[in-house]
Each structure stands twice: as structure tokens, then as C-alpha cells.
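The structures come next, written out as C-alpha cells.
Each of the next two complexes has chain A plus one more chain, namely chain B in the first and chain C in the second.
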Partner chain A sequence: MPEIIVKDLMKYYRQKKAVTTDKGTIKNAEVKAVDGVSFELEKGEILGVIGESGCGKSTLGRVLVGLEKPTSGEILISGTDSQALLKKDRKSFHRMVQIVFQNPFDTFDPRHTIRKILVDACKMHNIGTNEAERTEIVLNIMREAGLQPPEDYLDRYSFELSGGQLQRISILRSMLLDPSFLVADEPVSMLDVSVRADIINMLLKLVREKNATMVFISHDIATTRYISDRVAVMYLGRIVEMGKTDDILHHPMHPYTRALISNNASLDPNEKRERIPIPGEPPTPIGTGPGCYFAPRCPFAKEHCFKSYPEYQTGKDGRIVSCFEVDAQK
Partner chain B sequence: MKQYIWKRVLTGALVVLFSVLFNFVLMRLAPGDPTRLLAGKENPNPATILALQERYGLNKPIMVQFVLYIKQLLHGDFGFSYVSNRPVLTIIGERFGATILLAVVGLIIEITVGILLGVHAAQHQGSKFDTILNGISYFFDSTPAFWLGLMIILLFSSTLHLLPTSGMYNVRENYQGFRRVLDVGYHMILPTLTMVVLNIPYYFRITRSSVMETMNEDYIMTLRSTGMPEKQIFRKYVLRNALLPIITVVGITMAYMITGVAFIEIVFAWPGMGRLMLNSITTRDYPVLSGIYLLLSISVAVMMIVVDVVYAYADPRIRYED
Partner chain C sequence: MSLLEVKDVSITYQMPNKSVYAVQNVNLTLNEQESVGIVGESGSGKSTLAMGILRLLPSNAKITGEALLHGEDIFKMSDKRLREVRWVNMSVVFQKAMNAMSPVHKIGLQMLDIYKVHYPDTPDAEIKTKIIELFKIVNLPPRVYDSYPHELSGGMMQRVAIALSLIFQPEMLIMDEATTALDVVTQSQILDEIMDLEKNMNIARIMITHDVSVVASTCKRVVVMYAGQMMEDGDVTDVLVKPKHPYTKGLLNSFPSFSGEKTELRGIPGNLPDLSILAKGCVFADRCPYAKEKCFNEKPELKTIAGNWHTACHYPLGEEDNA
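After this line comes the complex of A and B, so read on.
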């Protein structure tokens, strides 16, 4: 049985007055940040979620870890409904499910030292019996994570540390509780390129060691490719294509995926690629439908694309894609 | 931390020195001549004027006057009032207590009520309570003190005959002991009410926006993700972080509390420093004015230091800057 099952997850926000893509205004609009997302993850699997900014990636992450309540849909973790678990025992839910945030500079209370932040987290979850023991636990994991010597970091404030150091600590904070499911919400996008690889490797090592399941949210295709077993591509709150990382990145089917990947820089300067432009800005997820959400910007859109939303087609390698104009079996 | 405090104290001393100089020069640049007022006639005898100028040292160059003034100050001598010929320190001393009483009582009420309302409104953002209070706060924030004071007098004293219109105590009865305390309290109600109604919006809005901003901080989300109960997050993290801007605002208003109540004192004929200052300006009573200004600049400087130190204590980011 899969470790994580997400079924038709939706998160809508109410907006008193909204401006739609064609400049009209709607009162009491519904912003469909996450609009029917389903996937399953085996234990220890890493799913990369990619898409433009505003496509609902981060909202999906926050809903998955229980920071926001889904409008509808289910999240089953080891077979238990997350909302039910959250109601019954908040602490044990958050111990199982953790998140690493994008901006390490804002992740920690500026008035507290690293010691207080990490030791307090242990204390809250009854890890260790006294202050000394907890400090020892914290020092150990810091040492393992390459923060040497760890004593130097303990009594510093977050504003005294660099982004890379803070993100390491942020990852440690999440993994301290031994979660079985981790969401990493663009964990390296705010960091210098030079430290990104280190941080990614540290995260990957910890996740593999603990055999944790992870959803890795990113807009950086190269990083996602390196870390993920499977990739889901999101557009306006929906997954448009999902499958094994290499399949998706080497043979994208959905026009949106194709455009996204063709616009990504390649390391090989001789590689000949055609860039597929995506005209226009990503529209706001208000008053979408009834047709395919991508149709207004899609170079291959036909008349029927505007009439109904394409169902998922399942390909032979387990890939799913929602587009009328492609044949997943090919 | 020690160095930090010393730096602030030194800055404070400089602020006081410069404001003394500035006030001294500014007052003497203002039109009007105290000797003419003192001589008391429309066309005074030039000899009287000269004698008065001689007596108060006003015929000397302004720089010499300033040096003499500083010398006097360092000896604790604030001079004598041109008008009443009594020592400045005595005059200020009589008025100081009344102002402090009014200002401190008012501040305690307005800060407490303002912060409580602000926190509550931030917690129930967008609720009826929040919307209505917000509207009221804008209304009173743009109301002039003298107008509100007069309206309150009109309502409570002239129409309802509940409370006295002015003064600090009943001059006819001259109560002693506890009766006197009650009498002062009775006279304080209206001025305090006016002051509090006018200033609560200020604390309300600062608190509301600060709490709302802190609630949306990423680190609050982090705490939530560790499973900390909402109540604990709010009490221990949101409120404490939201307090920082409030400290600054409270500090600033406390620094200006003496002048802050001046209008209220005038409307309610409260025998405090604000009224003394206004009277001294109209009579060009330089020594009294200099004394008041000195007291004001010292209180501003001291409060600035206190705020800086409290702030550094509350926020490690500030402490580590120097």
C-alpha cells in the first residue's frame, strides 16, 4: 500500500473582489490555488513538483503538511486520514509530517538563538529527558550535517548566520523529529548557487537514511531532476503531467511541459533544441474552465480544448498526462 | 551592552546641550521684549528699560548671555521669573506634579486599553468588532483636542451637571487628606477621558498592524509546522515580537507627555506645565521658558535612552548592531 495517497485535493480561497485575466471583476471570487490534485507515493519515494510561480505548488505543500486545511479531498498518510489525525493528535501528526521552507532567513524567530530553537523543538516532542541530553542530541545531528564545530552555532542568532547555514539548520529542525513524510518547498531557491549542491546532498542523505517520503517543490528543473524519482508538472492548480523523472524530462508530452523544459538552459552548448515560447502571463486561477486551463496559451489548442477539461490518459510507463492532442500510448 | 548604553547616554547629553542652545537663541530671536512688558507702560521711561536690561544681563552680547546661563544652570540656578520674580525651579515644581499626575494616569489607561483592543482586533481581523473599532479610531485620531475637550465639557458639565468643568480641586472647600485625593480624582475624570479617547486610537492601530504583521511572519508558520499549539504561539511568539514597534511608540509618547497634555490643560484649566509654558510664551518670560525647555529636552533624552535600552533588551538584532 502506498505511504502517501492524495485524492482530489482542493484548496480554494475566497476573494471579495477579483480581477480576472480579461480585466473583468468578479465579486466573491474563488481562487482555485489547488484544484483537484491526486497522486500516490511509495515509502521512500521522492516526487518533484515543478511549475511556474503562482501555479499552486507552495499551497499544495502547505496543505500537505497540515498548515492549511484543504477545501476538499483527502490526504492519507500510512492509511490514516491526515485531517482526522490532526484533530486527534496534533503533535504526533506534525512529528510525522514536516516541511522545509523556502526562505531560511525568515524561518526562525529573530529573538531566539539556534540552541533555543532546536532544543525547544525537542522538548515539545519529548525527545530527550533533560536540557543537557537534548543539547547533546542537537549537537550530534549538527555535527553530522557538516556544521563544524556545532558549539559555534548554538548560541548564535539567525541573523548572524548565512543562508546556507540557516537552511542546513532548517533541514535539521525538520528532520530532528524523524518525520516519515517531508515537504521541501523550494529549499535552495534563495541560496547562492555555490552552496545549493551541498544543501541538496545533505537533504537527500538525511531523507534516504531515514527512508522518508518527500515532495520536493521547485521551479528549477535541473535540481528536481537530480533529486526526484518522479516528477509532477503543475499548471493553475492542476497536475498536467506526471511520471518517472527521466521520461518526463526527456520525452515531455504535454505542451506545457514541453514548453517549460525547452526553455530551461542546458549544460550542453551543442545540444540543438527548439525553444517553445509560451505567450502571455500565467492567468489567475479565478473563473477557470470549462476547457483546458492551458488552452488560451497553448500553441496546439483546437476548438474542443476550450469546451471540456481533458481527462488523464495513462501511458505504458505509468505516466499520466491530460491533453487531447497527445496520445500517451505512443 | 555597556558600550551600547554609554553611546546612548552620550548622544542624549549632546541632544540636551544642543536643545538648550537652540532654545536660548530662538527665544531671543523671537519678536517682543520682556523689559517693555516689565516696565508695564505703553511708553516706558528709557532709563527704566536700561535698568531692567542691566539687571537681567540682557544688554550683554547673546553669546555672553548664553555662557552665563550655562554657568548658572551648572550651579543649579535656573534664574528668576521676569514676571513673578520667583525662582524658576519653584514655579516649575508647583506645576510639574499636576502634569505628571494627569499624563501618567492617562498614559497607563490609554496604553493598556489601546494594546488590548489592538490585539483583539488583530485576532479577529475583518470582524464587526475590528471594522467598527477601526472606523472609530480614525475618527478620534483626526479630532482636535480642544474641540473634543469642549464637547465633553458641554455634555458632562454644562448639560448633565455631573462633573466639574475645570481646575484640579474645589477651591471653596479646600479639602484635606483623603477627601482631597477624591476631589482631585473627581476633577481629573474629564481631562483624562479627553486625553484617553484621543490617544487610544494611536496605540490601537499600531498594535493591530504590528500583531497582524507578526502573525504572517514565516517563523510563525515554522512554529505551527512543529505542532506548537496556536495559543502558545500567539502568547509566546506573536505578542512578544509584535511588542517591538509598540515599545518605540510608547517611548516616543512618554518622552513628549509633558507637552502632549498642554492642550488638555488649557481647555480644562489644569494647573500644569503646558499652561505654564503657554503663559510664559505670551509674557516672554525667558527664564521660565528656558527652564521648561530644559526639562522637556532632558525628559526626551532620558526616554530615548530608556527606549533604546529596552529595545536592545527585547531584540537581539539591535543589541548586536554596534
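After this line comes the complex of A and C, so read on.
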């Protein structure tokens, strides 16, 4: 049985003010940030979620770890319904499910030292019996993570560390509790390139060691390729294509995936990639449908694309793709 | 004559108890209609250099050297002359276009104001027509003229900032991380627009970014900076394909590749050195996997490899035999 099962997950935000769109003014409009997302993950699998800003990938992450309540849908972690567990025993839920945020400087209370940040997490979850033992545990994991010598860091405040160092602490704190499910929301996008690689490798090592399942959210396609086993491409709250990383990234089928990847600049100045232009920017997901959400910007859209939302087709390589204009069997 | 010649420029921030050597001995030539990318990580001095050329640095920054714009030293210009040159000869697009404008005034009005600084006698209607034409060039609808900054998305604001920088058809455009905050799709749209504009309007461009792929796809030449110093410069097809400097190589290796085999991702171990202490040898030696004794004791000069390709390394990569 899969470790993580997400079934038709939705998160809508109701607007208090009336919203004006090109279809007229809507009162009590709903922003459909996550609009029916389903996927399954095996134990130890890493799923990359890519898409532009506003596609709902961060909201998805927040719903998965219980920071937002889903409007509807189910999340089963090791067979347990996460909403029921959250209600019953919040602490044991957070021991199972953790998140790493984009900006480590916003993650921690600036008035807490690294010692407090890490030791308190142990204390809260009854790891170690006394202060000395907990400090020892914390020192050990810091040493393993390449923060040498760890004693130097313990009594510093978060703002006294560099972004890379603090992101290591953030990952350590999340992995301290041996979670079986980790969501990493753009964990390296604000770090310098030369430290990014080390942080990604550290994250990967920890996740593999503990055999945790991870959802890696990013807009950086190359990093996602490096880290994930499978990739899901999101557009306006829905997964438009999902499958094995290299199948999706090297042979994208959905027009949006194709455009997204063709717009990804290459490091090689001699490589000339044919860019598929998509006009405009993703709209706010208010009053979407009934047709394919991408149709208004899609270069291949036909009349029927505006009438109903395409069902998922399953391809030969196991991918799913929702588009009328592609034949997944080809 | 070159459009811009930066000669031996050093910029030092004077702090109450120390000096921070943010930029040291940088040389750079920009010809007309040429595009140069300056890449480096945070703290490499790339933005300080650009702000120095624009004379936008705080008063505690001490600048030495020369920056010649058509042979005239920018650092020696009077305030009046500087005002004439800014926007008309050289203009800038900042990273956070959202913060570049006043939030309580309409965009059109703010652009009109800037126009009037240079040509106070132009009638408003004429300027408005011109601004709306500019909007068309950067793919913005005319309604932007009467919008407030918060009504636009990040990509649209960045386009406004670009339109603003083009208002007097400058010869030189400095883009300081101008597309960094944008999504890939919007970024490549804007980069394409800029490259078209360059061809049509004869603009030379300095592109400051930490994203090597942006430089690879939009610039002709590249300067790689580290800790305030030039590590390597030359054509992108040389520097980014067969880097000679270990730092350039390390930087390129830090990016995961999109195609080909998944190789292990390797970063550069260590941290940026303290810029208030002048290194005796090469600034990169501490983090360099190839560093030898000489690297710690002697500062490497920029050496020519071929044509306009230079590197500041005692032991350039691929030349181990003759080292």
C-alpha cells in the first residue's frame, strides 16, 4: 500500500470583497488555490512539484502538512487519515509530517538561539531524558550535517548565521523527529548557488537514510530533476501532467509542460532551444472552467478545450496527462 | 572609442572601525550594442560595481579608478552633468521594480515627472503618447498609465521599469538582477523582448545576475566576479564552455544539469572570505580544490588566454602541463 495517498484535495479561499474578472463581477468569489489534486507516493519516494508562482504548489504543501485545512479531499499517511489524526493527536501528527520552508530567516523566532530551537524540539517530543542528553543528540546531528564545530553554533541567534547554515539547521530540526513524510517548499531557491548543492545533497542524504517520503516544491526545473523520482506539473491548482522525472522533463506532452521547459534557460551558450511562447501570466484561479484551465493561453487550444476539462490519460510510460490535444499512447 | 571603459576601479566602504574592500581593480570595456554579463554570488561586488558606475552609492563608499563614458569620467562629473547623463545616456533597471516606484502615485504620472526633469517644456499629452508607445514595446496595455503599482503583477512592474529605463533611448542599460524575481516563463518573455529592443534601438547592456543561464542565453561576453575581484572574463562561448578559472568551474558545477546523465551535484565548500581583510594571495585559494602554495602567497594578475579572454589564476585549468 502506498505510504501517502492524496485524494481529490481541494483548498478554496473565499474572497470577502467582490472580485471583477473579464466574466463580470463575482460576489463571494472562491480562489481555487488547490483544485482537485490526487497522487500516491510509495515509501521513500520523492515527488517534485513544479509550476509558476500562483499555481498552488505552496498551498498544496501547506495543506499536506496540516498548516491549512483542506476544503475537501483526503490525505492518508501510512493509512491514517491526516485530518482525523490532527484532531486527535496533533503532536504525533507533526512527528510524522514535517516541512522545510524557503526562507530560513522567517522560519525561526529571532529571539531563540540555535540551542533553544533544536533542544526544545527534542523536549517537546520526549527525545532524550535530560537537558545534557538532548544537547548531546543535537550536537551529534549538527556535526554530521557539516556544521563544524557544532558548539560554536549552539548559542548563536538565527540572524548570526548565513542563509546556508541556517537552512541546514532548519532541515535538521525537521529531520530530528524522523518524520516519515517531509515537504520541502523551495528550500534552496534563496541560497547562493555554490552552497545550494551542499544543502540539496544533505537533504537528500537525510531523506534517503531515514527512508522518508518527500514532496519537493520548486520552480527550478533542473534542481527538481536532480532530486526527484517523479515530477508533477501544476497549473492553476491542478496537476496537468505527472510521471517519472526524465520522461516528463525530456519528453513533455502537455502543452503547458512543454512551454515551461522550453522557457528554461540553458547553461550552455551554444545550445539554442526552440522556445514555445505562452502569452500573459497565469490568472488568479477565480471562476475557472468549465474548459481546460490552460486553454486561454494555450497555443494549441481548439474549441472543445473551452467546453470541458480534459480527463487524465495514462501513457505507456505510466505518466498521466490531462489534455485533449495529445495522445498519451503515442 | 568604446562606449564605457572601466579602468582599475576599486570601491571601499568605510565603516567606523574597518574598511570593506567590496570591489578591487576591475577593468571592463563595453562597446556599442554589446552585452556583458557580470555573474557572481552575493557579496561578490557585482551590484556595488554597477551602482558605482551609476554613482548611486552611499557617501561612505570610496571609489578610485576611472569609468569613462565616451571618454568622460563619470566619477568626476558635476551633479548637473550627472543628471543630464542619467536616463539619457545610461539607465538602470533594478531587481525589485515593485519598490522602485511610489505606491501612492499613478505609474503614468511618475513617468511623466521623470520625462519633465529632462524636457520640462514638452506638453503632457505628447509625453503620454510617448509613454503609451513605450508600453506597447514592452507588451503592456495602455491602462497601465492610469494604474497604481500595486495593481500590477511582478512581471508587469518589471516591464514598467524597463519601459521607464528606455524612455530616452539610452545607449547603455544596466540591469541589476532585473529578471531574478520572475517566473521562468515571464523571465524568458522579458529577456526576448530586451534582446529585440537592443537590436532595434542600439542599446548596449550590462547584465548583473547570479544566474549563469541568463547570461549564457542573452549575453555576448561575461565577467565572473568573486569577493570583489575579477576571476575570469571573455566571450560566453569560451568562459562558460571551457572555464579556465577553478571558481568559474565550481560555479558551473553547482548548477544541476537539465539534460544528460545525472551526475553528483558538487558545490564549492567553504564561505566567502571576510572582505575587510585583504588577502595576500588569491582570494579564492581557501576554497579552491587546486590551490598550491603559490596561490596563498602571491596574488594572480589577470592573464590573457586568447583574444579578449582573461583569467586571474596561477594555474589555469587545462594547462597543468605548463604550470
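Rule of thumb we're sticking to: the second predicted complex is superposed on the first by the 317 of 330 C-alpha atoms of A that agree within 3 Å, B and C clash if a C-alpha of one lies under 4 Å from a C-alpha of the other, contacts with A are read in each partner's own complex, and residues count from 1 in each chain.
FYI, a residue touches a chain if its C-beta (ideal position, glycine included) is under 8 Å from a C-beta of that chain, and two chains touch if they have at least 3 such contacts.
This structure is a prediction, so every number in the text was calculated from the model and none was measured.
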I'd like to know which partner A:P277 touches here: chain B for first, chain C for second, both or neither. second
Looking at A:L172 after the superposition, I want to know if it touches chain B, chain C, both of them or none. Which is it: first, second, both, neither? neither
Partner chain in contact with A:D198 - chain B first, chain C second, else both or neither: second
Look at A:Y226 in the shared chain and tell me whether it touches chain B only, chain C only, both, or neither; answer first, second, both or neither. second
Answer with first, second, both or neither: which of chain B and chain C does A:C122 touch in the superposed model? neither
Both chain B and chain C touch chain A at residues none
Residue numbers on chain B that touch chain A, as the complex places them: 217-219, 221-229, 237, 240-241, 314-317, 320
Chain A contact footprint on chain C (complex, rising order): 41-42, 153-156, 183-189, 191-192, 210-214, 216-217, 236-237, 240-241, 250-259, 262, 264-269, 271
Chain C contact footprint on chain A (complex, rising order): 52-53, 162, 164, 192-198, 200-201, 219, 221-223, 225-226, 249-250, 259-260, 263-270, 275, 277-278, 281
Chain A residues touching chain B in their complex are 65, 67, 90-91, 93-95, 98-99, 101, 103, 106-111, 121, 124-125, 157, 159-160, 170, 173-174, 177
